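Written below as structure tokens is the structure these notes are about.
Every chain is named by a letter (A, B, C and D) in the order it is written, and numbering of its residues begins at 1.
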Amino acid sequence: MAKKIKAPKHVPHKRENIESEYVLETRNLGISFGGLKAVQDVNLKIKKNQVYGLIGPNGAGKTTVFNLLTGVYQPTTGSFYLNGEDLTGLSQEKINRKGFARTFQNIRLFNNMTVVRNVMVGLSNQPEYKCTLFESIFRLPRHFIAERKMRKRAKELLDIFGLLDERNNLACNLPYGKQRKLEIARALATNPKLLLLDEPAAGMNPNETEDLVNTIKYICENFDMTILLIEHDMKFVSGLCDQITVLNFGTVLAEGDTKEALNNPEVIKAYIGG
Amino acid sequence: MNKKEKFFSVMKKVGTGAQKFSKNYLNYTVILAVMLVFTIFALATPMKDSTALLFQKITVAVILAVSLNFVVGFLGELSLGHAGFMAVGAFLGGKLSTILVNALGANSTNIFILILSLVLGAVCAAVCGVVVGFAALRLRGDYLAIVTLAFGEIVRVVFINSSYDNAINKINATKLPEFIKNFFAKILELLDFGGALGLQSPSFPKKKMYILVIIGFLLILFTLFVIQNILKSKTGRAITAIRDNEIAAKAMGIDVTKHKLMVFVISAAFAGMAGVLFSYANKPVSASSFGYNYSIEILIMVVLGGMGSINGSIISASLITILNEFLSKKLTGDNAIYKDLFYAVILILVIIYNNAPALKNLREKLNLKNLVGKLFNKIFKRKPNPSSVASDAARWDVVPTKIEMNEVLSTDVVIDYTGENSADIDERGGSDNGKEN
Amino acid sequence: MDLLTIIINGLSIGGIYAMIALGYTMVYGIAKMLNFAHGDIIMVGAYTVVLLFTTSPTVGIISALVLCVLVGIIVEKAAYRPLRGASPLAVLITAIGVSKLLQSAAQIFIGSEPKGLTLNLGEIRLGSLHISVLTLLTILISVAVMAGLTLFVKYTKMGRAMVAVSEDRGAAQLMGINVNSVITVTFIIGSALAALAGVFLLFKSQSVDSTFGAMPGIKAFAAAVIGGIGSIPGAMVGGVVLGFIEAIFAATPLRDYVDAIEFAILIIVLLVKPTGILGKKRREKV
Amino acid sequence: MKLKRVFAIVMTIVLCFGMVAVLASCGNNEVNYAENNTKIKVGVSGPLTGGAAMYGIAVKNSAQLAIDEINAKGGVNGVMLELVAADDKHDATLVSTTYTTLYEGGCQLFLGTVTTKPGIQFKDYATEDGIFYLTPSASGDDIPYADGGFQMCFTDSNQGTASAKLFNENYAGKKIGIFYKADDDYSVGIKNNFVKNLDASFGKIEEASFTGDTSLFDSQISMLKDCDVIFMPIYYTPASQFMKQGANIVKADAVYFGCDGFDGIDAVDGFAIDTIPQEVSYLSHFDSTATEGPAADYIKAYKEAYPNEPLNQFGAAAYDCVYAMVAALEKSGEEITATMSAQDMSEILLAQFKGGFVFNGVTGKCEGENKSTITWNADGTVDKEAVKYVVKEAGANG
């Protein structure tokens, strides 16, 4: 039906796994919309248990990188690897199942579902809660076992974020800060190897931010997690990230240790203006 | 065992089953109870034909409304072709029962044949559900609604022209070998659904209609069993997650394709079953009964009962069917048109009341939403404190009314230009909320 | 049937579809809603003309325009505006309700029997070919309307405001555009086009009943989609394409399946190229 | 918690009892004629609203007219009649309501349904209950049956055959076109039989069709424009639209030839039939333009009683139906009471109608002041003479 006659000259990427010591490695990752190169030549290398920052002025292409990594957009150039496994060109849900989980800049919760059910949606694909549709419909034992286990796990996750008491409230009724936390909890529920946080501290007051920093640290340690985050709050970034990449106009401006990169004159110029 | 003892032993079994159900599943209990009372009455005294016929209509309407609600209320997609699925079930099931009854020389009330027809009707409708479901993968909102409407019309046109006497005559007039002529004649005969007049499939006589009603009640229970169990499982959470925010659902690893297809297929299958029930109660089965207007009638039941409320659908389908029956007897002549006007006005008012952003405060103050469902919850099931209202087991009763749903639905068209899994998402609805980056 | 006749028949019905589709496309492009009641506004217009035709056709046509515009404004204010910002599902269901409301109101006020008139505008004969004056008028006026709309959108302040609202309602509002009034104007234009289409449709069929506009309305929406919704020339192209499809299939043994074929084409277009022939593609930000 | 559960059970019981009460009030299946009936009830199911309302309303009014006349003359052996009309909107699914309304409401004489589609369901129910009906206008081939379903109108196939016969005799050598409605059983039924019985000498027949509510016939007119005679087995509304739209395109000396559905075409709203140049005629069992004779008497009486209501052959047939059933009852010589059951009355009627009952009515061919002669075949079909009526001669006068 949909013949590829009209398709843009997009050569399908042939997936090849590589040897890599990094949790996430991207090679020359880029995308162009029409003629506009929104992101080009991004090479990220993120080690295990690292909290990696992706910063840059507005419109630098940070969220686009996230969208590329999570399969929302398909890269026009380059590829990316999770522990050496090539994930380029996979669909969003497949990438998630491989081990990428993300939050959104504009919160995207399942608003008309309760908090605990939001998290349970994230748990759906875990092998330990496996039960088929048939088992669910006919209420076979595995359904109940899976449900009980999922609920327990969801409560544990909510407890970490201090949301346990809110678990039966609708997600849309939560205050803003808690909605952010719920999004992270929900992302964690998919048991990712890499967590992508898109401006997790946006709109939070200093107390909440500090709280969040602690939570992220906690996650990193206790969940054996690697985190890639986008943030504008430099204090937040320097307090959390050991390495960062600075994007500007879709290209990498600087990368490396947080302090060094932030003191890079190019970066300061990009931020302060020039 | 004599008839009476047998009856009581069955009753006892059903009784214990009912008690067990009533702990968690109120609607099963009520429907079971109604069914039992109906059965007792049907068996004990010959009931009026009109009563049995009315109940027959109610059972069909309830199955249709609940299955449509599965798509509209829970998946959040508008289907204007539900009558089309029903037509597929009615015609194919009816055709099968016609063939079987003729071939086996069986009675038209043969339950075995009825069950086979129900299965075939459901399967064929489900296949159509796959077709429409595929459209649902690429389209959303208004566009999908139009596709479902178009589907319903196509089904209607195909069935209304499904009389091939002329074609057979033309083939017979050619000089083809006899066996080819016979072959074509056989094929066309198989595809013949009566055309303009409709299919005269076997149906239950009025006096036996109560059997069809009981089967209808059992099918309602089956519908509820399947749909409610799906909704109260991880699949159901995934479906409501897709409704609430498709992009986030994908990011949570939910296979949107699979779930959307599944919802359309299941909903279509039940509509198909309702169609078979319909074909067993009506003669002829005419394609003109399954037009766009009938789809709208089902939609009205769903909307008035509350999108996303199964109990609401059951109640409103029953009440509207009874009201229709009552009004069509009471309103004669020109007055009958007022019924349509009434439904149209009620539909508009209910939607505005439930959805208008400006009425949010009023809504919260009056809190009428799902009034009946809430009354049910209040009286039967849930503790009266507010946290229990939000108890997650009951949360599938919630209707999306917030702007957020707009966010989901505003992206009408998902196009896949590359033919791969690229995620170019066409924005047609234009988002109203400035939150987007 | 010879080819020329098919072409003329196609243009004649296609012109009317185009006129309706123009209204659809305007409303859909700017108000972002599928106005199911558009077809029924056509019916309102046609009824007005029929009832006033014996008095004076001109008065009939003018009152049809006025009444349709009034109905359009009332419907927009009373039924659609309260739902601005609500889910499109709700708006769509309301539109269906409005459509049913107009139909049953027409039945109550005018009756379920069709009303008719007899009109003969004559025809032009070119050899064996007969072209009715009405067909020529239909084509001319729909082209003129399309041109007028294009100019209006391009060169007037209100037109540019419409484009802005259709591109991004939020941003347009921030730029000081009164979105409400833009949408009202859209509905006025759409309803006026519906009235015009109603007049031509009536002159063609010479009879009207309460479901007069329903089918042409849905088909014209199909035309708008095929042409590319939101695109003014697209509506024109879509309408003519649909008119040709109808005329061509009417001459084949498949004629009884014409509706099904048109809807099948609609589905295929939506699945393969949802932006239609002349529509453009946009992407959503995540 | 516990209280709630108890309450739930109580509520369920109350609900069930409520239903019991509802069902009980419905009573059992036996219709109590002795209690309900003081007059003989005549039941008819027809479209009183919707697109086909003009037929149902004409039937209802005409039946009422006949009943009023009979009552004024003292009823059936002194027992008065009463009409019960139920609205089926030409929808087969509503027959379950209309039939039970009539039957359970105590009707004893049945006019069946006005249209064919609901009529099939009606026939099923009537067979089950052992009810006789004489339908004025449900012309489908499936409607009549030997054990109780009789027709006052011709069946579709008989109309098709009769028309073909007329064509074979009158229009030999002309180019024939057919314009029919593909999704209407009436139209398709007549058309198929017409084509089947047409002489082979006519050569190729142009067929054009339409479906649904379409009112634009450009393509169909283009296809039929060269035909000399256009056969139109359709109702008058689309026929009038076709004629108006094709006035200048179709041959000016062509003939539009219709069936009983044409009856009333000269009274269609907004259709100035004199402005079209072609001839319009039809084959029917009733002449609604009659100015003298029994048909004219009926028309006059109808117009006096219902000046603004639709008048067509459906009504005339219904008028005849009521008179025919009453005549049959009177002829039987049995004692007729208002409290007889429908089954008993049906038995009497069936015996009469199957036993060579002859009725003189306003439909069929009336010679001068004499009423027509109508008899019935054992299979329920009617035997009377159809007449070709010319509504309008060729040539435009307007």
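As a working rule, a residue touches a chain if its C-beta (ideal position, glycine included) is under 8 Å from a C-beta of that chain, and two chains touch if they have at least 3 such contacts.
Only a predicted model underlies this, so the values are computations on that prediction, with no experimental measurement involved.
If you compare A-B with C-D, the chain pair joined by more contacting C-beta pairs is A-B.
Here the chain at the heart of the structure, going by C-alpha means, is B. Once the centre of each chain is set as its mean CA position, subunit A and subunit C turn out to be 46 Å apart.
A straight line joining the Cα centres of subunit A and subunit B is 39 Å long.
Centre-to-centre, using mean CA coordinates, subunit A is 72 Å away from subunit D.
Averaged Cα coordinates give subunit C a centre that lies 38 Å from the centre of subunit D.
Looking at subunit B, residues 157, 161, 247, 334, 337, 400, 405, 417, 424, 436-437 sit in touch with two or more other chains.
For subunit A, the set of residues that touch two or more other chains comprises 2, 6, 63, 72, 104.
Within subunit C, contacts with two or more other chains are made by residues 112, 256, 259, 271, 283, 286.
Of all the residues in subunit D, the ones that touch subunit C in their complex are 49-51, 53-54, 182-183, 208-209, 211-216, 218-220, 222-223, 237, 240-241, 244-245, 247-249, 268-272, 275, 310, 398. Interface of subunit B with subunit A (complex): residues 225-226, 229-230, 233-235, 237-238, 240-241, 243-245, 247-256, 262, 387, 390-392, 395, 398-400, 402, 404-405, 407, 416-424, 435-437.
Every residue of subunit C that touches subunit B in the complex is listed here, in rising order: 28, 32-34, 79, 82-90, 92-94, 96-98, 100-101, 103-105, 107-108, 111-112, 166-170, 218, 221-222, 225, 229, 256-257, 259-260, 263-264, 266-267, 270-271, 274-275, 281-286. Note for the complex: subunit C touches subunit D at residues 1, 5-6, 9, 12-13, 50, 53, 112-120, 122-123, 130, 132, 201, 204-207, 209, 211-212, 214-215, 246-247, 250-251, 255-256, 258-259. By the touch criterion given at the top, residues 1, 4-5, 7-9, 11-12, 15-16, 19-20, 23-24, 26-30, 48-49, 57, 85-87, 89, 91-94, 96-97, 100-101, 103-104, 116-117, 120-121, 124-125, 128-129, 140, 142, 182-185, 187-189, 192, 211 of subunit D touch subunit B in their complex.
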